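Got a structure here, written out as structure tokens. Questions coming.
Labels for the chains are A, B and C, by order of writing; each one numbers its residues from 1.
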């Protein structure tokens, strides 16, 4: 296989890591909304932790993206 | 990758290092000037009933103050100027980067990593200043079986030193991804021409708004994680 | 359409051979140097000028609002005190009025009672006097009745029998009859 082709395929495969990040971030925000609708009075105090969780989850996806970028360059 | 290209405006050398004034440096200074002008000029009136800009400045101040107070407790307010500077710098760098033709300084890993390293060093210093050697107890969680303890300590130390990496990569990758996506769609607009180019153009307009939200959110998350690390440094877990 | 998109992507989004400028170490010193300068300048501006100013204004506003609330509460407390004083005065006056009325009523009742008892006593005395007089008259009358009866009885006996009965005999006979 041509190395340039392999590089592009590799970058595409690296981007599949974003699938997990998407599912994870969706789960976090969805569950936060779920909990906030059940108990709105506790929602405000937990919003910060939702953002922290989303940031942590998102980071893993972004790592995959950065890896793809490094492969591409 | 033209939009991330650095161009030397004023060549400069210091102690053998090339510290030329680049377009990135220019936009950093613009962010500083814009942030200072916004926060200082808007408070010129110091009126009891705020003007439009004054109330914007106050909202940002109150928002960050509340975040610091909620996360670090009242003793964290001592470090509020640091957290606020981090927030306002990242915020202005991100938002100014959305302007077409501008330069996004935070889309460069060297900038975000330097910022994250500043936070890391600052937090570590605060930790040793307030807790002394007891700060090291952070790496030894309580209630862990003695057999697992060496492993846990190693993991904790690694995760501690990964903090600046995760902090910088998050901001860098978010800014980079957004701008690359906009660039790709801009390419579609040109490629599809006058007939089909309107659809990606409409998407770009919407996505620019989304990017504005991401820019603010990432600035907030950067400051929020700084607060959380500060909280670790200020309060012992035992 | 799709072919056009793919073509556009191929021409515009394909990575340039030069690589990403982010990973070019030649610019790292410059980036970090200028970041340090701008960050320090911004930190000094924020911590010395901007933040104290904003904090001061917010603090002042909070103080002002607190002061206003305090003064409003003080005024409210004063109003309540005045109201309480007024109500107390009202209650006092009402109490005094009812006391006065009671006193007057008592005095009048006592006077009336005294007058009534005095009049009663007078009437009683008069009645008693009248009764004694009546009794005296009655006894006198009764005594006269006995004499008259014996006189009449004596006359009747004289007429019937033709012989005069002594008054003593008549009286004895009468007593005998009347005691039956």
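Heads up, the rule we're going with is that contacts are C-beta pairs under 8 Å (C-beta built on N, C-alpha and C of every residue); 3 or more make two chains touch, one makes a residue touch a chain.
Small disclaimer: the values here were computed from a predicted structure and weren't measured.
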Chain-level touch network, classified as line, ring, star, complete or other: complete
Pair joined by the larger number of C-beta contacts - A-B, B-C: B-C
Between chain C and chain A, distance of the C-alpha-averaged centres to the nearest whole Å: 72
Length of the line joining the C-alpha centres of chain A and chain B, rounded to whole Å: 18
Distance between chain centroids, defined by C-alpha means - chain B, chain C (Å): 70
Numbers and ranges of chain B residues touching at least 2 other chains: 172, 176
For chain A, residues that touch 2 or more chains besides their own: 69
Interface hub residues of chain C, defined as touching at least two other chains: 15, 19-20, 23
Chain A-facing residues of chain B, complex: 67, 70-71, 166, 169-170, 172-174, 176-177, 217, 220-221, 224-225, 228
For the chain A and chain B complex, residues of the former touching the latter: 48, 51-52, 55-56, 58-59, 62-63, 65-66, 69
Residue ranges of chain A in contact with chain C within the complex: 69-70, 72-73
Chain B-facing residues of chain C, complex: 1, 4-5, 7-9, 11-13, 15-16, 18-24, 26-36, 38-39, 41-43, 45-47, 49-51, 53-58, 60-61, 64
Chain C residues within the chain A interface of the complex: 15, 19-20, 23
